[in-house]
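Both of the next two complexes hold chain A, though its partner changes from chain B to chain C.
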Partner chain A sequence: MPVDTRTLLPVLGCVMAAVLVAVLPQWLDLFTLLSLTIYLVMALLALSLAFIWGFGGILCFGQAAFFGLGAYAYAIGVLNIGDSTWPVVLAIAVPALVAAAMGYFMFYGGISDVYLGVITLAVTLILFNVMNSTSGSEYQIGSALLGGFNGIPAIPTLNVPFNPDHVLEPETLFQVIGATLILCYLGLCGLLASRFGKVVVAIRENEQRAGLLGYDTRLHKLIVFSLGGGIAGLAGCLFANWGAFVSPGVFGLAQSAQIIIWVIVGGRGTLFGPILACVGIQALMARLGEQQHVDSGFVLGLILLTFVMLLPRGLLPALSTLATRVVKRRPQATPAQERAL
Partner chain B sequence: MSQLESPMNLLETQGLGVSFGGVHAVKAVDFTLQSGELRCLIGPNGAGKSTFFKMLSGQLKPTRGLCHFKGQRISGLAPHQVARLGIGIKTQAPSVFDGLDVLENLRLAASRLQAPGEARDTAEQTLERIGLTELRSRPVGDLAHGQRQWVELGMILASRPTLVLLDEPAAGMTYQEVRKTAALIKEINAQSTVVVVEHDMEFIRLIAGTVTVFNQGAVLAQGSFAQVTQDPAVREAYLGKQEIKHA
Partner chain C sequence: MDWAAIFSLQIVSAIATLVLLSIGLAVVFGMMKIINLAHGEFMMLGGYVAVLATHNLHVPIWISILVLAPLSVGLFGMLVERLLVRHLYGRMVDTMLATWGLSLALTGTATMLFGNTTVGISSPLPGISIGAYQTSGYGLFVIAVAVVVLLGMWALLRFTHFGLCARATMQNAKMAAALGANPGRIYSLTSGLGAALAGLGGAVLAPLTGVIPTLGASYIAKAFITVIGGGSAVITGTLTAASGFGLISQVVTFFSTPVFGEVALLLAAIVLIRVLPQGITGRFFRRAF
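Let's look at the complex of A and B:
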């Protein structure tokens, strides 16, 4: 296939983003850099749902479950092991395996969309309640005290792989997180461009037809769901690193709802849209938190409402439609067609 | 190849049936199909032909009986497993990927078994065969009903199945569209064995072939189009003693 703008644009964008990630720590003060770091962590979480909902068609209300599991898996792992290398692997593997187990029962059991949302949300809330009731010294995994609603404080942060004495500086952590986001984005772009990705989108479009063509829809959905769970877990691991702290709040309802809002606002069927929306909304929420006239939750609700009513396809699809209209290529330019931006 | 009595039968059912609660939608059907055949299943509404069809394609699990394809048992398999054995299925309502363009639809069908380059060629050729070359990059959801039906037929063509099962491929089509569809089905029949469920008599006359008549969950008659339309029992069941008009 010839290299067209659709493949060129994400790659070019990523190169620019990579340069930014490399140089920003020298330009910004520590406070701004730390704020930016958490935006990127959440963007990775948004990316995971953008993939499984926007492309896999799996409406998961419980992406926070995998995020939280990743955070806790890392925290418990690193407190026991000391070196952060294997805990990172654990933070990806545990949520991915939990997602695979859940996915097995949901997809092979033939559970449809709405119930899928209910089940995933229920699992998240169960985890929230379980972790909330683990205060006391009897709730301990190895040398890691779970701490109930108080959470786990003072989590050792990332070190150079297999070198626990070499703990990363906040500046390097920012670069690692930025690089992780870029690599995950590119990886998912590549996956969606592959045959596997095309089948995944086909299943979203018409599961019955995909099955009748001989594609195993259950297996494809299971893989997508587990992969999304793993990426969310990685985001959770980075979250635990950002604040050196994790509490049951990661499993909370607010967290679950936020992820969905990022994807709705950014646009389902794109990867970049939810990243953009996530960073934008968080920056806005941080700004709103500095004043006392309007409640930030109220504004978030307003944003969601505006998008659902006026731009139901989301920010990025709306922008790209606008762009094609301005450039005056034929307006039939495939509204629902995939561009893995 | 163990359980097959006659190796010439491509598809064979023995006492295949399904019940929903106390309703015996299909009682116990013995049905054989030879390689290369073009077989029509007809019958009045509720005769069980579509239900029988869904058991063949794996969309519905039979409650009794067996179904063998190329000597291999397929009753009880999931639809994608049935499809993988080389059975292409067209459902009653057009089942296509509405959000994807015509070419991508065909390519997805072709690339199940073919290498990427080959699949692209197959998709291009199929596009020509179904006569939608100029609509190649349009989302299928934007197309007219008849065109979507053809895209679906094209997907079946592109996947090169041994056996093709078509559920009412001419439903809701204009006369012109019906003729084109009939021609397409004959073309599919040149490389595959075909089973068509249909109740449009005009359409069945167009594609001819052997006709199996269903009534009340059982096979009532079987023969050429002329034979079954002359059969008094078929007339009574199907048309309430009237003459079959379009014949």
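Let's look at the complex of A and C:
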């Protein structure tokens, strides 16, 4: 059976990434490791939007809503239960269900993509206002105080499943998060290669035509949206684990904008581009945080403006077009090789 | 009786606030089919112009709110249209993203210039009493401005040459151009008008809320919901959607807290859009503007 480079490349990359994730904790000091951990958490969030927007064609400006819901669901769950196993499930299920409910109203209402962006953004901003106003002892779910704008501190972090006494070390947490990212990436690659994934891409390209060919476009979009919501929720859960803290800032406008920027810079229509862009921009933001002259939001805004005006397809697709052009000039390249690229 | 008067006044005041929040956005969206995500920041700029002109340049407060703020933000809006939006016509999503970038950059610039603190002007009108209750006189002024803005917009679209050309361009840009209207100029003026209305709204609301670089974020969700709920007819859409949403949010606010009022507003909007995807004026009052 001939092996296509298109499937080989991601798998090879993932094997290398898995080896790195396994050995890095022994090489790096704790501070660097913790910074890397948050990059990976955010990369998972970037991946979720790359899937929804880049492949599903669903313009979701409110991915932060699912991220934040996941973080809060985990925090509230684990504070009540003690063991972290079910709260993780909760952190995936709650955002996925909220996404399904929103998706029902939006997709079955036949709303066009621009309105979709506005509605998802509005939901996020309203969640931000709601969570901000929940300070005071009357806002309590079980034994978890919501804490308003102060957030929920001292969240118990992940433990070995069904064994609350055995809490994961930061090194193990890094490995778990890295493994989660790799598995989600491979899972989404597999899904996109399947029949379902092909239909999803067909709907992105021409929704009417896909519908006329007999596919239920609304249901497909609903599933994609819920799945992306669930992954974003998982990222939120890991975020709550990283700092043992969650505040309404996860629903903020800045957070929503960042996710969009990762996908725009990395390129719509790729899963790997947004992950790369996310890590790069996070590193840049960390640098900007060390000085006080330039506001980081200002820089983010300029990056977004520049890419939309000058390079709307994003870095990775632009680079791969460039690479294809260079290869095509070489006469010895066979058609099979070209297709592989 | 007094109680009922106060309660109705609060509802009308909530509706007027929604009108002022969203009319600038509605003008740009209804006429140019552009969703300006920097709308909230235009309002923030209007607020800053009003506050700084009053405090630092000692301009009379009414002039800075009613003249300076809309004028300067309107000019800024025309500049933005010329530099950014003009290159992206027909690419709705990219326009949204570009204006979002602008919104972040403006918030960042305001933070660098003015710092992340609230500045304010005190409300220039005394309170008024209805029976045993006391209410803010400035609230009445907000209602008056909203009414004047709506009437003015209606007169502008209905009776002036610009209004005629703008409505024609809105319906069919190429045909309007063939008949001698200049779409480039119309778009430029419409952007300026939308931005000026945003600046006016921000300035009028500044004494009530204070001004902070992140002010736009608190306005924008409500403004979007109102505009999308209203549909593409600028005046009728804004008025009907603002009335419905204002009523719902104010009633819920009365029985719980303002935050739940906002949540009720959002839920009402989502249900509305499921039932009427084109907004209220997509289904009713279709000949209105």
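Just so we're on the same page, the second predicted complex is superposed on the first by the 323 of 341 C-alpha atoms of A that agree within 3 Å, B and C clash if a C-alpha of one lies under 4 Å from a C-alpha of the other, contacts with A are read in each partner's own complex, and residues count from 1 in each chain.
Just so we're on the same page, contacts are C-beta pairs under 8 Å (C-beta built on N, C-alpha and C of every residue); 3 or more make two chains touch, one makes a residue touch a chain.
None of these values were measured; they are calculated from a predicted model.
**Student:** Of the partners chain B and chain C, which touch A:Arg209 in the superposed model: first, second, both, neither?
**Tutor:** first
**Student:** Just chain B (first), just chain C (second), both, or neither: which does A:Val201 touch?
**Tutor:** A:Val201: touches chain B, not chain C.
**Student:** Between chain B and chain C, point out the one touching more chain A residues.
**Tutor:** After superposing on chain A, more of chain A is contacted by C.
**Student:** Mind working out whether A:Phe162 is in touch with chain B, chain C, both or neither, as first, second, both or neither?
**Tutor:** In the superposed model, A:Phe162 contacts neither chain B nor chain C.
**Student:** Mind working out whether A:Thr217 is in touch with chain B, chain C, both or neither, as first, second, both or neither?
**Tutor:** It touches chain B, and chain C stays clear.
**Student:** Tell me the contact category for A:Val114 with respect to chain B and chain C: first, second, both or neither.
**Tutor:** So A:Val114 only meets chain C here.
**Student:** Once the two structures are superposed, pull the chain A residues common to the chain B and chain C interfaces.
**Tutor:** Chain A residues touching both partners: none found.
**Student:** What residues on chain A touch chain C, complex-wise?
**Tutor:** Those in contact with chain C are residues 59, 102, 105-106, 108-111, 113-115, 117-119, 121-123, 125-126, 129-130, 133, 252-254, 257, 260, 264, 293-306, 308-309, 312.
**Student:** Quick one: in the complex, what on chain B touches chain A?
**Tutor:** 57, 78-80, 83-84, 88-89, 91, 95-101, 104, 107-109, 111-113, 116, 137-139, 141-142, 152, 155, 159
**Student:** Applying the document's contact rule, which stretches of chain C touch chain A when the two form their complex?
**Tutor:** 35, 84, 87-88, 92-94, 96-98, 100-109, 111-112, 214, 217-218, 220-221, 224-225, 228, 257, 259, 262-263, 266, 269-271, 273-275, 277
**Student:** For the complex, give me every residue of chain A touching chain B.
**Tutor:** 195, 198-199, 201-202, 204-206, 208-217, 332, 334-338
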